[in-house]
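Both complexes below contain chain A, partnered by chain B and then by chain C.
This part shows the complex of A and B:
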């Protein structure tokens, strides 16, 4: 589904943030990227949808190298990818429903987007997703009045509105309490299992990674130092990643 | 031994600094003293021989008393003064609304989370240089080509309002995090829907508050411009009453009218500021 070959990236001449990264990510799995702060997790994740342009290497999505795409192809490619952020990036004064509907704006003619004209079908779908996330009583509330865990579920619903095949999550639970974190991770797991989505998540908590990941990639100083199923992540492996 | 040398050199450096500081203080103080003496001397000698300070102060107090204790409408009618006040309000409102639209467009082009960096920098310096010239001067500059009067007043006031609102609007817009905008951009959403769906809902109340505050400023400007550029309105009435008819009763009346309106504006804008801008 998603393959990376010998990807390297440096923001400036001196330090390499990613060094010769190669990995394979499978459809319908949760792949978790772990590593100490500054290891390059965010850089790798943002390279996948070309928010960061790379120095060299190959990123193949469905066999297509995303680094060579022109503007309109890039737009098409990005429509297959949903993103979820640590700080949610919602429009706080708008309602939950409005934020979720923003997920459809990418494929809309500009004028309809400006006037926020959504079809009945889109609205039904948004409401259904909000219900799926357990937020139906908040659908018409402003996002600024929600808790962190609730906001993150709105963020996921917004990402799902564009029917992505891949969801990239950068530290989706880093600002959440353990209970909300588990709830969000459970949702991601059900998306992988039930909707066969490809989920890539960066995490700080090794425990959560072991519990939810099908596949774990350990980064350290820009290099892959672990790549395997979560059952293979033992104490020795954790040590090579973190100390 | 070595340590001692280091300490000694530090002490020397500090002493030097102190001496320099003392010298600076001395310079400032002596300049201020000289300026003070010159001011007093000039004031004392500028008074012409036949000018009697005490009488002049008395007369001034008398005029103030006429103005503020017995205001009346003088040669005009009250409704005429009210309609002149209305004209000034109208001038302020028109230029504020035009300034808000223009300022919003300029703000979009100068906010560093929306516009490319080069454009943002060019726009910001352009707006800053327009703002550096006071409103009244812009009115006079335009009156060179348009003649003194309402046209020059409208254009000059609008011009400065655009530059002012561009800056405060851009500051408000820049509070929307870059990440949030980027999150929508990677979803393939164009810049215009992002402005309509993300920027405007987030900053709407702050922009409206700033617009109102600018209305307050423009009202003051409209009064001044009415007198100085012959643009009509309450400022013109004030000018006529004070410099042409010497009717201090009417001057008092006009000042009370302006004061009442400004006071109301001030109340509202202080509330808006506390609620939306400083919150």
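This part shows the complex of A and C:
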């Protein structure tokens, strides 16, 4: 599904933020990337949909190297990849419905996008997703009035609107209380199981990673120091990642 | 510690004294250069008493109210129309000119900035006089004068509002595969809508003040009727015009505060 070969990245020519990263990510699995602060988790995740351009290596999605795509091919590729952010990245003055509908903008010509023209089908689908996320009563409320957990579910609904095959989540639960965090992780798990989506998540909490991940990748100072099923992540492995 | 605080305040007082001296010297120099007779200040009380006696509206001036209100309404409509048209143009120019979103390539941003500054800094009276040549004395002239000045003012204001926008907020929309222009419009406009509307309301208020001056020249609206009463020595009625303009502007100021609070 998604393969990374010898990816390296440096922001300032000196310190390497990613060093020769190679990994395979399988369809329908939750892959969790863990590692201490500054290990390169965000950098790696953002390279996958080219929000950060890298220096060397290959990123293959369905066999296609995303690093070589031109602008319109890049837009097509991005439509396959949903993204969920730690700080939600919603347009707060707009309603829940409008933010979810933003997920369809990738498939629209600029003029329709600027004028916010959404088809009936898109609107129905957005409302159905909002309902699925348990946010029915908030559909017409401004996002700034929601709680963190609710905002994150809007973020997920927006990512789902374009029927992505892959969802990238950078610290999706870092700003949430434990209960909301569990709710969000449960949603991600059901997407992997029921919709066969490929989910890549960066997390700070090892407990959550062990509980939800099918596959764990441990990063340390820009290198992969652990790569295996979550059952293989024992105390020794955690030591090599964090100490 | 105490010693240095003491020094700090003494130092500050010296600077204040210096500033006051500078202002006095500047005033004296300016008065000397222009031949302004400072004893004119002594006569201001007489002038004000004369104003009060003649311009305070009395019962008699109430009969002019219907005419005044009609002109005031017309002036209000022109002020709103000019500000709204200018706002539409300014949103587009502002987005093209803002450096952070960089919708326009090359040096278009500086061109727009320069254009806006020129439009804004030509005094409204000059706009009206220039336009009088081609459009003669009618409402269109007043409208255009306000429009041009408003385009300059709002373009600068909007452009700076847009430049305060954090482009990171567009990222989520860009990752959906949306085009860059779509991302800018869908993320930046909603996020900056409140300040944009506040600028627009301010512009309308300001237009009504300016419309008086413009109307004097173009022979329309509230400025025209003021001129009419004034020249026919109906000072009470002219005073009534002034009062009604002030009331309208204050009313607008209050309502735009209300609107501002509502949309926040």
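One rule holds in what follows: the second predicted complex is superposed on the first by the 243 of 243 C-alpha atoms of A that agree within 3 Å, B and C clash if a C-alpha of one lies under 4 Å from a C-alpha of the other, contacts with A are read in each partner's own complex, and residues count from 1 in each chain.
By our rule, a residue touches a chain if its C-beta (ideal position, glycine included) is under 8 Å from a C-beta of that chain, and two chains touch if they have at least 3 such contacts.
In this text the structure is predicted, and so the values were computed from the model without any measurement.
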Let's test your reading of the overlay: on chain A, do chain B and chain C clash or fit side by side? clash
Which of chain B and chain C A:128 touches, first, second, both or neither: neither
Please work out whether A:49 is in contact with chain B alone, chain C alone, both, or neither, and reply first, second, both or neither. both
Chain A residues contacted in one complex by chain B, in the other by chain C: 49, 51, 75, 78-79, 81, 83, 85, 89-94, 102-103, 105-108, 110, 113-114, 116, 162
Within the complex, which stretch of chain A touches chain C? 49, 51, 74-79, 81-83, 85, 89-94, 102-108, 110, 113-114, 116, 155, 158, 161-162
List the residues on chain B that touch chain A in their complex, please. 177, 179-180, 182-184, 186-190, 192-193, 195-198, 201-202, 204
Mind pulling up the chain C residues that touch chain A in the complex? 168-169, 171-179, 181-183, 185-187, 190-191, 193-194
Would you mind writing out the residues of chain A in touch with chain B in their complex? 49, 51, 75, 78-79, 81, 83, 85, 87, 89-94, 98, 102-103, 105-108, 110, 113-116, 162
